[in-house]
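Note that chain A is present in both complexes that follow, paired respectively with chain B and with chain C.
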Partner chain A sequence: MKIVCVCACTSGIAHTYLAKAKLEKAAKELGDEIHVETQGTIGTENALTPEQIAEADVALLAVDIATTGNERFKNIPTVKVGTSLVVKAPKQLLERIEEEVKERKSQKE
Partner chain B sequence: MADKEINIAKVINLNLIDLHLNGKTKKDVIKELSTLLKEDDDITNTQDFIDDVFLREEEGETGIGQGVAIPHGKSKAVKNTMIAIGLSDHPIPWETLDDKPVTAVILFAVRNQDADTLHLKLLQRVAILLSDDDFIDKLHAAKNKKNVIDLLCGNKGR
Partner chain C sequence: MNTFVTGAKKAGSAVKKHLLTSISYMLPLVVASGLLIAIGNLMGGKQVTSLAQMNFPNSMTTLGVLGMGLLPSFIAGYIGYSIADRPGIAPGFLAGQIASFLGAGFLGGIIGGFIAGYIALGIRKIKVPRWANGLMPMLIVPTVTAIFTALIMFFLLGQPLTAATTALNHFITGLDRSQRALYGFLIGWIGCADFGGAISKIPNLICDGLLLDGIKGPEGIKVLAAMVPPFGITMSYFFAKLFHKNIYTKREIENIEVAFPMGCCMITEGVIPIAMNDLLRTLPCTWIGCGITGMISYGWGNESSVPSGGIFVIPAMSKPLVAVIALVAGSLVTGILLAIIKKPLTDKEVNETQDESQDEEKNVDLSGVNLQ
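Up next is the complex of A and B:
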């Protein structure tokens, strides 16, 4: 599964980056490809490229606040959760998303 | 990455570590760690800083599970963006993601005006370290202050 993700927490200092690191680890373990953009106090980092978004199976918004640029994901399935869920159970989250994406795909066919 | 050690050492020092917190509550512990920051001359006013930390606490749990909490205060009372670390021999009740109390508290003190992106980058790095179970285990097991700093700086030691 190819995932594009945006992480953003309330103060944009710690949880955003902890969530990013947890997702990257979980994705690696599951054999998923993930690109994580962070929108924090420091600004946007690791901004997603149009190519990454075009290739993605799903967009994951791990956000506690309103983030910018969500219109970029209008053509792909989007899942929105809070950063705390990502920090708590990143692997389970990705597994659940994968199931959902599969389901949506099979419904289309 | 050769300068990694020097870098992280900019946001932590031996004065900002307490291996045996006395506080039994979240409030006491935040006060204890804030006092360290004041004594190290990183914040100008302890109570103003604590108030800002509690503002953030109201927005959501800062206990990230595995016995660790990362309260943070972005405050005009902060002179230098730093972290203070406290370990405790007794469990401290905290709002956490796994509903368990904590024995390690990492308090982030962040300057209100983020002129200094370098320091924010270093805090990011600390947050990233906390995604590593091995790091968390070693933090809980740290025997002395130097241990804690070595861990943060990525010196695995033995």
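Up next is the complex of A and C:
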């Protein structure tokens, strides 16, 4: 599964980057490909490229606050969760998303 | 009924998101302005109104005060942004100006932001002829939203908001020392109840709000108490070592090495991985320690005009000595309690290093996770 992700927490200094690290680790273990953009207090870092978004199966928004650029994901399925859930259980979350994506695909066929 | 409950839950989390967004944008402003005031005040600066009186200390204090004056607008503006996107910013900032005018600072800013945001969102949805499309974000949404916001804020909510703010301020400034000590304990305790999580946010938000209205005591508690859990746990490690008692595993000690410097910067979250392994014993110790810090700080009239920054802003507090005593006392209590009540570990347990790849996750409810 290919995932694009945006992380943003309230203070924009801790949870944003914790979530990014947890997701990247979990994705590696599950064999998923993930690109994580962080919108912290310092600004947007590691911005997603249009190619990454076009290739992705799903967009994961791990955000507690309003983020910019959500219109980029209008053509792909989107999941929205809080950052604390990602920090708590990144693997379970990715597995659950994978299920949902598969279900969506089988419905389409 | 069920749809009502989920509907209410959704609305609640939306409101929370809007609030958090505004706080996220507001924090850097508060920290910078607060530090400017502190720097200026330390050098004897005052707020001045004419360029002729300007010198370096005065310039710092004056800019800081001006910055603080922007706060209601920042809150309202970014609540508006979170609700209605860019067209919500201008009416939101205006609503914040109304809040300043009413003297209802923080509370007025929040309410004004929501009013302006939802009106802007509603107006955005109105279909207009194609030639007017370009006028919508630039002219129609901000102006019409501002008109309605002004009517509601000035004529409907003006009086109650002013009254509520004055009543609150009177109540807080009227507290005597023992009452302050009691409230200090409560704010310190609840503010660290879950180490910077959802519960902590509530009293911390109230402290930030009071700061806007010029009441700086609670902010002092917030800054100091946030450092107590990491400091206390660090101390407990050394105390226990003194008595040749091992209470932390090697892995936990590694976490303490990270949590302590984070704690110096007022980030409490670093202790979560340590506390999670033994919540029942850790929580009461940190609660009591944070409470004591709050009690001493507020009871003896320590104030902080800076809402964030950890040990680095202690010199900028009104009574740095009281602040240090409060911080040390609370941390000591936490440290000693933990060293006493935590179970001693055997050598085997101490050396047990969990395999990185087997990070255990607690089962969480993912039923709300759906594709959109």
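Criterion: the second predicted complex is superposed on the first by the 109 of 109 C-alpha atoms of A that agree within 3 Å, B and C clash if a C-alpha of one lies under 4 Å from a C-alpha of the other, contacts with A are read in each partner's own complex, and residues count from 1 in each chain.
In this section, a contact is a pair of C-beta atoms (placed from the backbone, for glycine too) under 8 Å apart; a residue touches a chain by one contact, two chains touch by 3 or more.
Since we're looking at a predicted model, the values are computed, not measured.
J.: Specify the outcome, clash or fit, for chain B and chain C once both structures are aligned onto chain A.
T.: clash
J.: For A:Lys102, is the partner it touches chain B (first), chain C (second), both, or none of the two (neither)?
T.: After superposition on chain A, A:Lys102 lies in contact with neither partner.
J.: Applying the document's definition of touching, compare chain B and chain C: which contacts more of chain A?
T.: C
J.: Who does A:Ala21 touch here: chain B (first), chain C (second), both, or neither?
T.: Once the two structures are laid over each other on A, A:Ala21 reaches chain B alone.
J.: I'd like to know which partner A:Val79 touches here: chain B for first, chain C for second, both or neither.
T.: It touches chain C, and chain B stays clear.
J.: According to the stated criteria, A:Thr10 is in contact with first (chain B), second (chain C), both, or neither; which is it?
T.: After superposition on chain A, A:Thr10 lies in contact with both partners, chain B and chain C.
J.: With the touch criterion stated at the top, can you tell me which chain A residues are shared between the chain B interface and the chain C interface?
T.: Residues common to the chain A contacts of chain C and of chain B are 9-11, 13-15, 41, 64, 84, 88, listed in rising order.
J.: Would you pull the chain A residues touching chain B in the complex into a rising list?
T.: My answer: residues 9-11, 13-18, 20-22, 25, 40-42, 64, 82, 84, 87-88.
J.: Within their complex, state which residues of chain A touch chain C.
T.: Contacts found on chain A: 8-15, 29, 41, 58, 64-66, 77-81, 84-85, 88-93, 96-97, 100-101, 104.
J.: Can you check the complex and tell me which residues of chain C touch chain A?
T.: Spelled out, the residues of chain C in touch with chain A are 17-18, 20-21, 23-24, 27-28, 81-82, 197-198, 201, 267, 269, 357, 361-364, 366, 369-372.
J.: Taking the complex as given, what residues does chain B use to touch chain A?
T.: Chain B residues touching chain A: 56, 59-61, 64-65, 70, 72, 74, 97-98, 108, 110, 114, 117, 120-121, 123-124, 126-128, 130-132.
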